[in-house]
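Shared chain: chain A. Partners: chain B in the first complex, chain C in the second.
Moving on to the complex of A and B:
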């Protein structure tokens, strides 16, 4: 192993060679590091120790905490409400009074952006949770049961996977029209449903393959030999060992869903006023990009930062969970 | 190999039936009357509506409507929309433009994405690697329509390098929209290539190649890259569907008369046969590309054999 490092060392910085050397030792003697640290560590604990010192994780986690706070208590960040508008200030650019400027209706864009966090993040979190549950269930059943159950679920996954997400989402949104008096939460749930109905397939595929990978492991055989029920085997033995890739993909997908929500809103189909969201603000601003770019800049900046934070979090968690990359 | 392809083609038929039925059922469930507002200010005469509903079989149950649709489709008849234009002729106009747009996007993914991935993969943590990492992150996090508007405004309106719209859909006009459409996947492709290449550079066969005294270009360009491309090719194959469906946004921004706008209108007007026709073709292209990708595995990695 170290020979290849030597050949790659022509390009890699020297500090890297050192860490790989350490890795070579630890793979050669798997028992050692644990004895050295006193007590044995689980994969999760190991990953957490790794994450705590990873700057990318710390930055993205901080950003996410701030954004979640913004979503839950927007009043902490601004004293104005998104409903207050002053038409005389329509499309006035950024100034020292209003750092982000005003939108078409004369709303303070900073206030709108703060209040927009809730709907956008809610769509992302709910869509991710539902796809995670649906996809995991389908993947576990297919992978664990095998045989014709696996065939049926796999073909069903193929069917949903083959339909482009955006096209399917448009159809679902059109299928549930919302009259003007609909409460915001229903409008949000409609978008979540549109994303979840087609979004569960990647999770199901990954879950299925990792369950199949774990199913034949010795400890699962041992549990089965001891007479554990299938439910117990799946929940206690298979799931904890198969869930890591799914978590990583879902974290990254969360950012993606927020972006898709914005795209749907851009098409006039996602969230619609009275819901305040980044997608709504961006789609309204895109008409005025040539005259008032500030209207587009600030909501998209926040959207991008959120998407970025979740992608970086997913990346960091993957690095921590994958021992090969240490 | 032959048997594998046949098995895959049979599975494909199943998936096609499933997808078309799913889409058909969804369009069937759409609320609203396709003949509302068809006759100008006045409501349509009931006789006309009744005749049209009978002609399109709109009062039949879902399964019978679907069965009739598939029966016509097998005869090569895509049906016609409610204004009397055949779906086939509408598809014939729109599909080539969208395919051209998607092909350009995939070309950008392959050339720029894989190129940048190789450059950053062989010099991990170098200047170019960091630059590529940051720029791909930025691209990934910006919604595609923001990228579209900004590029259209700066490169098209301000600098005048590219045409601002692409209404007749020629190759030259589609370059900028193709770049916009492919931008997100381009970033993913370059990151995938980088990771995969960097991982494979540590493999035994690379060491052997170096030990044989092969040149660096050959070791990376032939030995390592060939194996590293498997996840990349998988990603691009799966991405074709997303690109075809996502073209709807790019087409809107650049005023391209592709299937995006056509589908959007069709869904709004509840034109079942048009929506299902578009989706059938999209899914068919998607499935064929993915079959091709699976067959490519065997070319890229000689250890993979299809019995």
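Moving on to the complex of A and C:
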């Protein structure tokens, strides 16, 4: 919980500072003469043109593509399987044969890390997607409708917000134990569900406040005055202008979810063998951190790179969606 | 613009928009603010009606009530009718009423930058009007957008159609807002302080544009402003508002030469004049009343230099001064003749 809390709190002022920054830019450049393109442009198309040349986007997108490929087709990256263990190589350090070394069971850590990508990324991406959708929906409805609808949704959010993510996730996972023969996808989805049930609240809160701010903008009133329907106002005028802070918070939260999954696995509650994940690997390695640091280093490194890649992606996407930064 | 005798609508005689005895109040924690108190006006085809008043006089709230974009709560229309071609808009279900906005009655706002959606290009936003209301294809809507941008005289419209609002100057943005408002050929255009945020030379251009567009399509134009100078050249009739009511209405020539209300008189006297250089600028003393505690009697009495006991006791009705010239002042005759003060 604390990771996500902190990220939400850290982002709110950033978002506010950001909008002030935009105003400063717009007053500094009133009617900058513009080289014409004369092409019909849409928000998505413009954002894409912008992203294509943004190095941060290119780096993060490349990393994410590699990681996703790793998650989908681990066989492309290694010829070994995580089941092939050789106890004689238990905790052997990195060498020219095995760059990442071996773990306690004599498994090649590189292979484990490659195969672990699937579970970890699935947990992170799925939990983020579900919380983003759930939280945004709740936030938009609360912020736009106002009145008693807002009160009900906000209090509901508060109730869920009061439960610490990790503690809540432990409870949910504990309440629905999986029998030993459960397929690994079910084990993964159970963790995702535990994270999503409790993780949507920061998104909902930020979306709500963002929507309330945008709702009062003159262009929303202008759109009403020119006959736009409520659905259109929400989708075309409020959402595109309110979504930026939520995107940033969600991409940061993605790393947090992978970390919580690792914590749950460490406690023996999250992903359990036969599922291999970075969280499982990290929790196993933490016992031997002083004698065999390589066991901890490589899964953690991949975890950090993944989190960083998603945060960079979120940042680039947010910037691309803001025409004033172009 | 040829001026016709007082009380005569300038061109087509059909009443487009009639506002009758409109009351709007804002219910807040501190109490009820009576923002609009019995406003009545009529707009004809091709007519330009200027609604004049200080901030807080209820002129914008009246417009919002006409459009049906009042924030409810806290704002409530408590009494009155708004009829568009005889049809009362106020009793109408929201779904039906929405079809009037943009298509029949459109509105432009003071600050065009904040009235345009910052994340979409201007062409996209103008084209949106055709796509939403007329179901036009993306391509033909965009062609129409360029056409409209040319119609509001945006240079290099074809090249600039993909630019964003913040890339335009203030005057150009207001033109884009105007283009969106006239996209569907509305019968009535309400301009809420359209030139206030612009500098003086641009003000004149935008007013001229509005006037030209009005003449092309014979639409009714309601011009909300606090600037008498802006109004003089373009308006046919003027309604002066104070504390949520109309205190004087008249043909534009009549009001400048022969005001029949001390407030209007004060407003005219406050226009800075180049031939009065070196003299002190005139200002109406005092401030507009708090709408939660409007003074008894005539709401203008605490600031009025002619105020008598009757002004503190009775709220004056709108007296007929002349044909089409009405004034809500107990001493309208004296003010009109200049035989007082």
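As a convention for this text, the second predicted complex is superposed on the first by the 249 of 326 C-alpha atoms of A that agree within 3 Å, B and C clash if a C-alpha of one lies under 4 Å from a C-alpha of the other, contacts with A are read in each partner's own complex, and residues count from 1 in each chain.
In this section, a contact is a pair of C-beta atoms (placed from the backbone, for glycine too) under 8 Å apart; a residue touches a chain by one contact, two chains touch by 3 or more.
None of these values were measured; they are calculated from a predicted model.
Peer 1: May I ask you to decide whether A:224 touches chain B, chain C, both, or neither, giving the answer as first, second, both or neither?
Peer 2: A:224 sits against chain C, while chain B stays out of touch.
Peer 1: Check the residue A:194 against both partner chains and state whether it touches chain B (first), chain C (second), both, or neither.
Peer 2: neither
Peer 1: Figure out whether A:289 sits in contact with chain B (first) or chain C (second), or with both, or with neither.
Peer 2: After superposition on chain A, A:289 lies in contact with chain B alone.
Peer 1: Could you tell me if A:300 is touching chain B, chain C, both of them or neither one (first, second, both, neither)?
Peer 2: In the superposition, A:300 contacts chain B only.
Peer 1: If we overlay the two complexes on their shared chain A, which of chain B and chain C does A:203 touch? Say first, second, both or neither.
Peer 2: Neither partner.
Peer 1: Thinking of the overlay built on chain A, is A:211 touched by chain B (first), by chain C (second), by both, or by neither?
Peer 2: So A:211 meets neither chain B nor chain C here.
Peer 1: Between chain B and chain C, whom does A:126 touch in the aligned arrangement: first, second, both, or neither?
Peer 2: Neither chain B nor chain C is touched by A:126.
Peer 1: Tell me the contact category for A:232 with respect to chain B and chain C: first, second, both or neither.
Peer 2: second
Peer 1: Where on chain C does chain A make contact in their complex?
Peer 2: Counting only chain C, the residues touching chain A are 67, 69, 98-103, 106-109, 111, 113-121, 123-124, 128-129, 132-133, 138-139, 142, 156, 158-164, 166-170, 172, 177, 180-181.
Peer 1: Quick one: in the complex, what on chain B touches chain A?
Peer 2: Per the stated touch rule, the residues are 11, 14-15, 18-19, 22-23, 26-27, 29-32, 122-126, 137-138, 140-146, 149-150, 153, 157, 201-203, 206-207, 210, 241-242, 244-246, 248-249, 252, 263-264, 267-268, 275, 279, 282-283, 286-287.
Peer 1: Please output the residues of chain A touching chain C within their complex, sorted ascending.
Peer 2: 22, 25-26, 29-32, 34, 36-43, 46, 217-219, 221-229, 232, 236-237, 240-241, 321-324, 326
Peer 1: Sort out for me which residues of chain A touch chain B in the complex.
Peer 2: 1, 3-5, 7-8, 11-13, 16, 155-156, 158-160, 162-168, 170-172, 174-175, 177, 255, 259, 262-263, 266-267, 282-283, 286, 289-290, 296, 300, 303-305, 307-308, 311-312
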